[in-house]
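Each of the next two complexes has chain A plus one other chain: chain B in the first, chain C in the second.
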Partner chain A sequence: SPAPSMATAPTTAPSSSSSTAAISAQTPTTTFTATSSSPSTFPFPPHHTFPPFFTLQPNSSTRRTQLQLWTALILAYCRHTRTFRLAPIDAQDWPLFHNATLRRRLALRDIREVLSFMASTEGGGRAEWVSDAGKKAECWVYWRRPEEWAGLLEGWVDATGQRGAVLTLYELVEGDACRGQEWAGMDVELLQKCLQVLVKKGKAGIFGEEQPGVKFF
Partner chain B sequence: MSSTRRRPGLSAFSRSQLTQSQYTTHGQTLRASQTAALSSQLEVFQSLLHTFSVTHAKDIRADPGFRAEFARMCNAIGVDPLASSQKPRTAAAAGKGGGGGSLWAQMLGSSVQDFYFELAVRVVEVCRATRGENGGLMEVGEVRRRVKRGPRGGVAAVGVGMEEVTDDDILRAVKSLEPLGSGFAVIGLGSRQMIRSVPKELNTDQSMVLEALQVLGFVTVSMLRDNLGWEGARAMAVTQDLVSDSLVWVDSQAGETEYWTPTFIHDTGGQ
Partner chain C sequence: MFLRQIDLTTALRPSLSPEETLLFVQDAVGLYEGKFKLPNCQYGHAYLTSHRVCYVDNTEPRKYSVGIDLKDVDRPEFFARFLKSSPKISFHPKANKRQSLSLRPPGPAAVPSGSSVSSSPIQGSPLRSYAASPAPPTARNATWICPICSFSNPVPENFDPAIANAHTPLPSCLACGIKPPLVHVIKASLSGIANRGPSLEPKTQSSSTALGSGVNHSDTFIPRLGEVSPEPRGSAFQCPRCTFQNHPSLLACEICGAPLITAADRRLDLDTARPRDDSPGPSLNGLHSTGDTLEVIKLSFRAGGEKIFYERLKGALLQRKWLLQSAPPIPKPTLADASTPNPSASSDGVSPGPAQRQTLGIASLERRGLEQRKNNELVIGNAFEDLEALMTSAKEIIALAESFANQNPSLSSSSTTNPSDAEANALLSQSASALGLVTTKDMLGSGSASENLYISELSRNLAEFLTDDTKGVLKREGGIISLVDLWALFNRARGGVELVSPRDFERAAQLWEKLGLPVRLRRFKSGLLAVQGSDRTDEKTTATVLAWFKEFHLEPPGGYAVIDDEGFEIKSRVPWDWRLYGRGVTAQETAERFGWSVGVATEELEMCEERGALCREQGIDGVKWWENWLVGPSVGDEPELDRIVRNLASTGV
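Moving on, here comes the complex of A and B:
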């Protein structure tokens, strides 16, 4: 079974993210299952059945390790379930944060603390609080960074010969054409963030208010 | 005849002295030749062993059984295989790269010494990487599993015979680190062998609680009071010590605060 060992899950160091060039060189139709998988098939690591894992540790060096382990776990879980956006109040009952068999759960305020760590430089910038959703109410979970998504999208556009064509943002994440792609089902707001990376490089343009569209140059 | 007993004369005296010195010389000659014979026999043996090991070095490296046997043999004759020893007895051994270095290097060629050196380096890496999780105390089996898995993001432990690493090998590698004063040591906790990688010494109370933890997985202050007869203050002091040294994790969602050993992370429900 493809158990993501904690030793190989996405690291917290920013320098570990793949370059955009490397991503776009890959064929967009990659070998993994692009449809989201159920939480019940997620292979939880050994830490998830360790009761203290759900208590924020008082010792600072132990806590730092704990935060790193939670970061890796959250990223792997969100990737598995194709979760792009996480609201602590809703997520606190997910099997991720609540181990019913063990009768342990990560408290709401501790979930927020973990996500804040993930959003920090030390945590690798793997999360970002959604700005207009109220203080620490929701956050983006970057199991792929916006730059990585940008590269994947660009690669797919090239492979499908759609450079120069106009695509609505909606069809990019919901349409038939994107079925089976990793970004299928992505929040349009997050998609815009990712496309902005390309816009800044002059490789794409977004326009239209009512039905926003994008053109890859 | 004037007397029945002949007093020893000067000639008799000098004769016995001659004989004595002849015997002495003869004895010395015997000893010298025996020593020379023994010495040359040992040299022949050493040279043959060296030749054998250089020829089969790769197999020896890959065979933990042989390594264990060799180490047992060395200990039986009072030799520390990993310690540096004197100059080689034969020029031949020196010529084959056996000049100086540990007995491993002399007897078996440098590849076995390399094996333990590399292993020690990996043990240090594993301990350093996990110190945040376990405060520098880790069970030998867990060290072995992680050494075989290889460094994170790096090349897995292949090509250096690391697939066949045993707990014995780990313990030997750690022992070779002890003289460096780096804090590495092997500690027995109950029936388990632990690798300690920080110089902190554990007092008796702390050791007792850690030993109990290896069996139970967790303790509470009540458990220490009831089973060890400790006063509350003493029990709390020890648990706080262990928390400060990051040797235990705290679970505050049980009825009473539980202090868990991280060695149980991989014992229960893990892969």
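Moving on, here comes the complex of A and C:
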């Protein structure tokens, strides 16, 4: 029965409006497949159909709640669609920020506001602006933090007994062996960030310029 | 004469009868009956109208406001300021037929309170009831000479030298207001008794012992328990300027007039702690004289204004406007009676003039109208010939003016063609009621406080205007009106008699809370000032608005078959879950619903948003307000379906 799987997957919260579709939509997302799930299967929460959700509230306490809701929604959505990087100017047309049935959208300025909130400590540090002299054109969305990724990578390396072997980064991301893994399809840059964490801890080493590779100690 | 309880308006001013006009207002007055101060009636406003003199207390206006009808006043008398006593105007009553009022029998509590061992320092005049005290008849006719001004005051009737001690309250001198030493009064009363007869000799023995004990007390005559006054009591007080040894209770030095500060402190205490005792026996509020003698009523003016008051009072007594109330209307000069038939023409009945007068028909209607017009012409002609005559026909003229104003509302208003507005304007422009509301600046006395008095009176006028149910200003505006709108309405209502400047208006509005009136001024976040009743708080408004929002959950916005307000051609409903969220409202809709103006509605909605009850939505068509479901129960990780399925699972389905 779908009940226990529902309990384990916090992201698969069905919305009350599309009730019948939601239950069937749950099953593909409970297992983390390599294929990125399409946005149309993402179960949006009920407040996504609440028009004031798309207007940044002037009242400070209401605004804080609103930003928290947006944070949770963005993270869930990115996890679902396996998006690691988000550019506001491109993202404003996603179903995430633009509800076509409601004909409401979150303005570009407000998207940046939300992402800045996510990047702050108050928002949990779940985003990071790609450093391009403060222009805020693009940001990383950490639905898993680099530290968490690092842990996962290490776990996988241990599980497959590849300690001491040298792997290229490309292999990690696109290789056959990693097809079923969460980090498949990750940006190389992000992967490098995650590996840096390991390097700092002394558990891995990166070398090579053209074809960067990593060795886990 | 009788002091009557008077009715007060909502703004705590005396409510005037239709023909009564307000002549003068003065604050800081006190009320006396006979020689004694009336309790609780020492700080208030005096209102002089054409029919009455009213006193409205400051501290408890509803309980202690009284008035005297001018028709009961025989003559007024004016006493100028002397030393410490303020200027007074006294009203001598007309001798009336109420001699049949019997003397009240002495009540059980007839012990002079002077000797009662009450812990509170009650000083003041002795009891008004001249009931026999258990002591032998005291010196009714004894007088004591004031040591300061040598005015001879009567010894109070129930003053018993036998039992008088330091705690006996003593009356102050009537002329200069300074209390005598106890010894002095005892001596005077004893001499009075001695003059009356030898039968009281044995009493004097005992009284002398009392005296003896009394003398040992310092000649302080302020028996205040537990009060420590720093300066020497028994000795004289040295003036700081000229070093003259003054009497301790004087306010200003006798020689040079320098103010003696510490004595002033004591005087203040004296004033506040000098209430009259309630007379025993059932009297209405303890205010009326229950004896058979009608006492002279006095008004004491502590802040000036007595001269003008006196002048206006004399004028009002002269004019005797109260007689007009029952006066019959002025007999109109009868038209030359053409109804006496000419003997030559009547017999034939060719054109019987008088007979035709009685028939119905358009001719008689026309004739009636003609007579009416002739009548009006006569009335107006008579009235305007002589301004004095105008005042007497004022009643009729005003009625005429009102009827004209009601017939032609468009004449009085300027721009509106809306029938309800025209009616409103007609109501507002009725001059008769407007005149009654006006307190013009020349009605108030001179003095440093006149400006404040004007503002406070204006503030009361405003409160009355707002809470007047016949006009229903606040009700028509949904309970709240912006200050600017109110200023416009109020000035129009005054009919151009005396307009109020915006600054005065605002100052008057700010006094409402201080005066405890039932309306209050409210400042919104954006700086808009609005006026509403004191019983409407933010919580109440928020609750009302939310209750209105709840209705939206019950029916789909726009109905089923209609294109909804989004413009979607959705068959049944709007894209959001209206059962859960209701719908959004604009400020316009809110204004219509509650009868507010749009500016006020916006402010109220923003106030609700501040409190977290509402949230806003910015769309292409403007701002709409919704119930705040962002922080509401429908948001979270546990939507209803989840919960339901979980519950079902737990029960084993």
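Here is the rule we use: the second predicted complex is superposed on the first by the 180 of 217 C-alpha atoms of A that agree within 3 Å, B and C clash if a C-alpha of one lies under 4 Å from a C-alpha of the other, contacts with A are read in each partner's own complex, and residues count from 1 in each chain.
Just so we're on the same page, a residue touches a chain if its C-beta (ideal position, glycine included) is under 8 Å from a C-beta of that chain, and two chains touch if they have at least 3 such contacts.
Not measured: the values here are computed from a predicted model.
Shared-chain residue A:Pro52: touches chain B and chain C both.
After overlaying the two complexes on the shared chain, residue contacts for A:Phe217 are found with neither chain B nor chain C. Touch criterion not met for A:Tyr170: it reaches neither chain B nor chain C. In the superposition on chain A, chain A positions 3, 7, 16, 45-47, 49-55, 57-59, 61-62, 65-66, 69, 103-104 are in contact with chain B in one complex as well as with chain C in the other. If you check the complex, the residues on chain B that touch chain A are 131-133, 135, 149, 152-153, 218, 243-244, 246, 249-254, 258, 260, 262, 264-266, 268-271.
If you check the complex, the residues on chain A that touch chain B are 3, 5, 7-8, 11, 16, 45-47, 49-55, 57-59, 61-62, 64-66, 68-69, 103-105. Residues 1-3, 6-7, 10, 13-17, 19, 22, 45-47, 49-55, 57-59, 61-62, 65-66, 69, 101-104 of chain A are the ones that touch chain C when the two sit in their complex. Residues of chain C that touch chain A in their complex: 566, 575-577, 580-581, 584, 609-610, 612, 615-619, 624, 626, 628-631, 634-635, 637, 639-642, 645-646, 649.
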